[in-house]
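Both of the next two complexes hold chain A, though its partner changes from chain B to chain C.
Now for the complex of A and B:
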């Protein structure tokens, strides 16, 4: 019953909630970002990060540093924290934590399949996969010629198997099919995660519904904008939108027929939470839309920590860390390219 | 009115020589100025392109914009460079570079690319982008022709980006356009360098001739 989690949550989830709140306190602050934004070189960044929780992960990296090295090592820290929490978790928290990584699993599957299509070496592809999305038989993906084989040979034994029912065909894999497969899988995953959280009930269902609905809406907008001027038909576009969220179903009907960014703005401004996002952009401009959406997401994720005894804090922490890693990636690119004036274009402060 | 008989008149052959020499020097300096302007333009275009690529990577994620996705299957080049010698001119032997963009589509596209890459050498800021742009610098006839070729060119552009997926961020498309512009500028730089070296040779020849006369 909602409201009575306080009586039983701590039995199984109390330790890990304390752990994740402790990790949250280690997120970079505005002062850290200000120092990082003033760095002249990547070695300066390494020096500043050595005073943070990323220090042990970067200290042994030789100079000259590369931007991808910084991102890889910071990601390793997130992976270590996640694995620690996962091995300490009991059901249903362990299943909840596994759900958080399915998005990365989908990305890895698509990376391997696309890279194989482009005749790239499998070992090279595996090195670029996200560590949170790895599974045992991932290397076998390289032998599949179509989605049916992909499913039968590899994915039938993975958590992604249930998401394949909508996209199994015998058509050979090509760039368009792979893109549709990616988005169809992600749609099925989000809907499944949403249903799982609804089953959990209580504060978890309430908080995660809001966060996942925002994710579904943002995906719908990105799919719309990215498909403008492509061969993707309106019907195919509509099929890629999730069946939940604030925009479902009427917003989706409007987005499906949009042909430019101003029409997307017109469709989104009817929804008050998104009106504030689009009010930050000038007409015809979409460059700052990503940052506006990230800022809104961070606000919602931080709010998840204001309530106790729910699993939403784990999801929020993982997403906040990923945002932090994105910030570090952007700052390191601006430093490496000597474009420090542009560093605030995409950095989203968390605190 | 005092007439200065010691000042050579314009009808004097020696004066013609000086006029020609001055013209050669001016041509050399003009071409050097254009060359340096193009180098500067290339540098800023490439900076913009690299930042847009980083921005696309930030937006789409590192797994979607990655060197491991580059296509290693054998496929025809989307763009080629044609090198010709300028014949029938005083400075014959000077190489001329022509960029044939999206050469796997119709021939009109490559011809349009050629026409526009040789224009506006001295004004790179107003650089035409061949068949890729629909901006106000084109004439109305060129507008019509450019609209007709834009669809196949857009398709070729999307095809070359498809290694990163078919639904890519507008930032990645912007990065593609920037690097395309940089490629055009490189060809303009090559042509300008060729002109500059040719003008330098002219000036050098005149100087050598003067030394011999003395």
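Now for the complex of A and C:
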């Protein structure tokens, strides 16, 4: 019932929406970033961050800080907030919140599987996993030799199981397979999430379909660019695109046959929302594309807060925080390596 | 009159302290000492001259960072001490202050030592845990192996119809080898280990899936709890043995074990070997235990010695940090040899500040003294009241509404008496008052003890308001005596009642009433009213009229205070066009009503005051008839009504027009607006306490005046009505206590049964304590608060000032770091 959320939304979702909006007010602002960019050492960063919401998480860290500590603690804060919200949530918000983490779960699965393939230590890999995408038996992933085993042994217990139906093969795992698996899983995940949001209806469906469509389109472009010059056939490439979004279906046809970045550009520029992104880039350049997409995403995520009574704010908040942590990681890396001239290359201001 | 007012001695609390903006120029070498002396003095509020700089661009950022690092170390020590459970036994000793550098070194040393000790004991703990786990695995897994073998053997034995022998273990061990051999032949092998109990089920499922069911899983809870090294909690673990076949399965299972964090320990097949290993482990365990104990003792000793100094160190680091934070607010002068600071300080404290600065110069052997001089400020100074234990709580009540504007009349002076009094009007019962008094006295008697303690938020509030509570209870006793209520029971304290029954039997006392036979009861309400038919009408009429009298009196006080404010700020405009019409308006209507009430009380007339008031508006020229209280009442009413009508436009129109005229006169001939730029006034220092002229906007001023007048006119009616809450609350209180007394206590007392009587007494006591003493106190408190904040203070109080927050060590709390 679109338009009538205002009557009942606050019964279950009001408290958490207030919480999430409060958290959003704690996001670092452009003034904070400006100050952070002027820092000389990581201690300066710590000092500045201690005046923000990250303060309690960083104050007990001994002085020679590392980039990883900062990122770890900032992520810890996000995870704490997420867990708090998840504990308070009722259906269907709790399912919605869980959906947000599936992306991290897929990434973690891929990380572990790739890592074991290259014979890395499992504990070391586990430390690198995103804490939001952890599930109980994640360490057992190392046992599996091929997709079928992977599914049968471990993933059948996880929420990712339904997404696996398309990629169960007996082939041994290799880098290419894993990458295809990641994208297939992601496709299934996005489609499922999209369907779920449509089922919720109302403003949630409207806003989330916009955000997820953007995500799907971005993935389609990335898949295309990354698969140029590999042995992936056009049909296989076509299969990895999600079946919704602005580019679906005609844009996908065009992307599927692209041979170089300029063709991608040609295909994308037919869509007005993406035209502005591509018009910022010079021809033949794809490095800055990520940042351009991130900026666009942040803009859209911020817009999600303009409406009330929908779940999109939770998704938007989590994504914005993640972007903020990426920013902090980049800044602290630049500060630590004395590359301050490059600070602005990859920082996306949120406000 | 004017002279008399001017000659009144100034009250401390009436106006906030005179403040002056001062500038300090302190040589760098004595700056730290000077600021810490000022912190001890605690009478100077520094202004931040570096507000535009981010924290790490300031001068003393390194020192602040060092202090932050030290307080982190101190927190680490505190954590460790709490973890070791030593906190309660430590009494801090006071030692002379050590130098900051020295302290920093000491802290680093201690931290290093502690971390080393921790890592050592952690290593030991880990080895100990491993051995313990191994021991348990040996015991449990060994018994699995044995019982398995026994079963297998037993089946064989059953086949050959042998009797199951008694000495199981010997038999088993003798057969174990044989069994193992057969097992080896069939490729059956096992892995044993230990795993967290919470993970055991999933672990089993995973094993089942990985080996496609070709395995046998045995588990038993481990006998003892093992300390988890990460969380330092005791956790339960489960010993397991997996039987399987094949090399591939083995690698898989080992991987799964690793993934689940299960520790695998080899259990030898040979039973005697098992025993031998068990023995070895036991002896090593006991060795380790003594080492661990020694380690813990050593650590505790170190922690205790740290604990002696911890509080002192913490407060010292906090002070240092505060000093450097303050130093960061100062500017360097041009020569970079002096620090320049600005701040507010009360005029009376100037000498003390100067003395502190001199002392600092002297103590730090500086050649150059500090310079201290007063600057003129445009910005309004902060508000500072010197309160004591007693007045503080009342000042807090006023501050909770808004901090007084600099030097405006402070309602707290009157609140000290009016607040508890209005409370008591609603809470009039001398029994309840005595209960409150006892509570307040307990709080005051234990003042010195409670003030050093950390109280809960509720107790803190109660303790903070102890003197309010004291006066509230005293006034309730007074009002209770006037209402003649003691837990709703009337007493003949001040002599006998003025009334008696018509005859000896008193049979018609409730129908025909009593007759008065002597002088009125000397103080308060006559006890004979109690229970009579006309009790409620009598008390209601009394309390209602009293509420109106109190309300009109308090509102008049408020308006008079606005006169004193206007006088103080030399604004004759406010006196002439605000104070005078307001006075006239309020008193011509409600002042007149109060007058009528008093006259009616004095002459005992039967006149209907409602009627008088209502028809004063509806038809002022009509004859009053039997409602006439005094001669010439009708013309007086007409005059008052006209005055009230005149007062409204009087307070509405002149002031904005006069203001406009004044403004245009001031800027006569200046057709161009002032240049608003930094070149205009070269003296303006950035961030100095100077501000620009405001622009005059007539429509804004007029709308503001209109709102103000309408609010006053409507407010005069609604605020007077609002004071009727005094009557309503007082009625509710006395009715509630009557109900509890009559319907609970007396009813229960009517039975000749100890149980019922006791129950009734208990219910009465609880109701009195929780409903009457707590809830009613709270509600009467809130209503008194409202009457002060809204009805009283809106007549004169602006409340848009800001509080004086001096830099003081005494105010640095523990949460600050």
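Just so it is clear, the second predicted complex is superposed on the first by the 351 of 351 C-alpha atoms of A that agree within 3 Å, B and C clash if a C-alpha of one lies under 4 Å from a C-alpha of the other, contacts with A are read in each partner's own complex, and residues count from 1 in each chain.
FYI, a residue touches a chain if its C-beta (ideal position, glycine included) is under 8 Å from a C-beta of that chain, and two chains touch if they have at least 3 such contacts.
These numbers come from a predicted model, not from an experiment.
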Looking at the overlay, what does A:175 touch: chain B (first), chain C (second), both, or neither? first
Chain B versus chain C as contact partner of A:292, first or second or both or neither: neither
Once the shared chain is lined up, is A:134 touching chain B (first), chain C (second), both, or neither of them? neither
If we overlay the two complexes on their shared chain A, which of chain B and chain C does A:200 touch? Say first, second, both or neither. neither
First, second, both or neither for A:302, with chain B first and chain C second: neither
Looking at the overlay, does A:281 come into contact with chain B only (first), chain C only (second), both, or neither? neither
Classify the contacts of A:115 with the two partner chains as first (chain B alone), second (chain C alone), both, or neither. first
Could you figure out whether chain B or chain C reaches more residues of chain A? B
For A:19, is the partner it touches chain B (first), chain C (second), both, or none of the two (neither)? neither
Overlap of the chain B and chain C footprints on chain A, residue-wise? none
For the complex, give me every residue of chain B touching chain A. 47, 50-51, 54-55, 57-59, 61-64, 66, 68-73, 154, 158, 162-163, 165-171
Note: in the complex, chain A contacts chain C through residues 35, 38-40, 43-44, 47-48, 50-51, 59-63, 122, 136-137, 139-143, 152-154
Could you pull out which chain C residues touch chain A in their complex? 54-57, 61, 64-65, 68-69, 72, 75-76, 202, 206, 209-210, 252, 255-256, 258-261
Given the complex with chain B, which residues does chain A contribute to the contact? 68, 71, 107-108, 110-111, 114-115, 117-120, 124-125, 128-130, 175-176, 178-179, 182-183, 222-223, 225-227, 229-232, 286-287, 290, 326, 329-330, 333-334, 337, 339, 342, 345-346
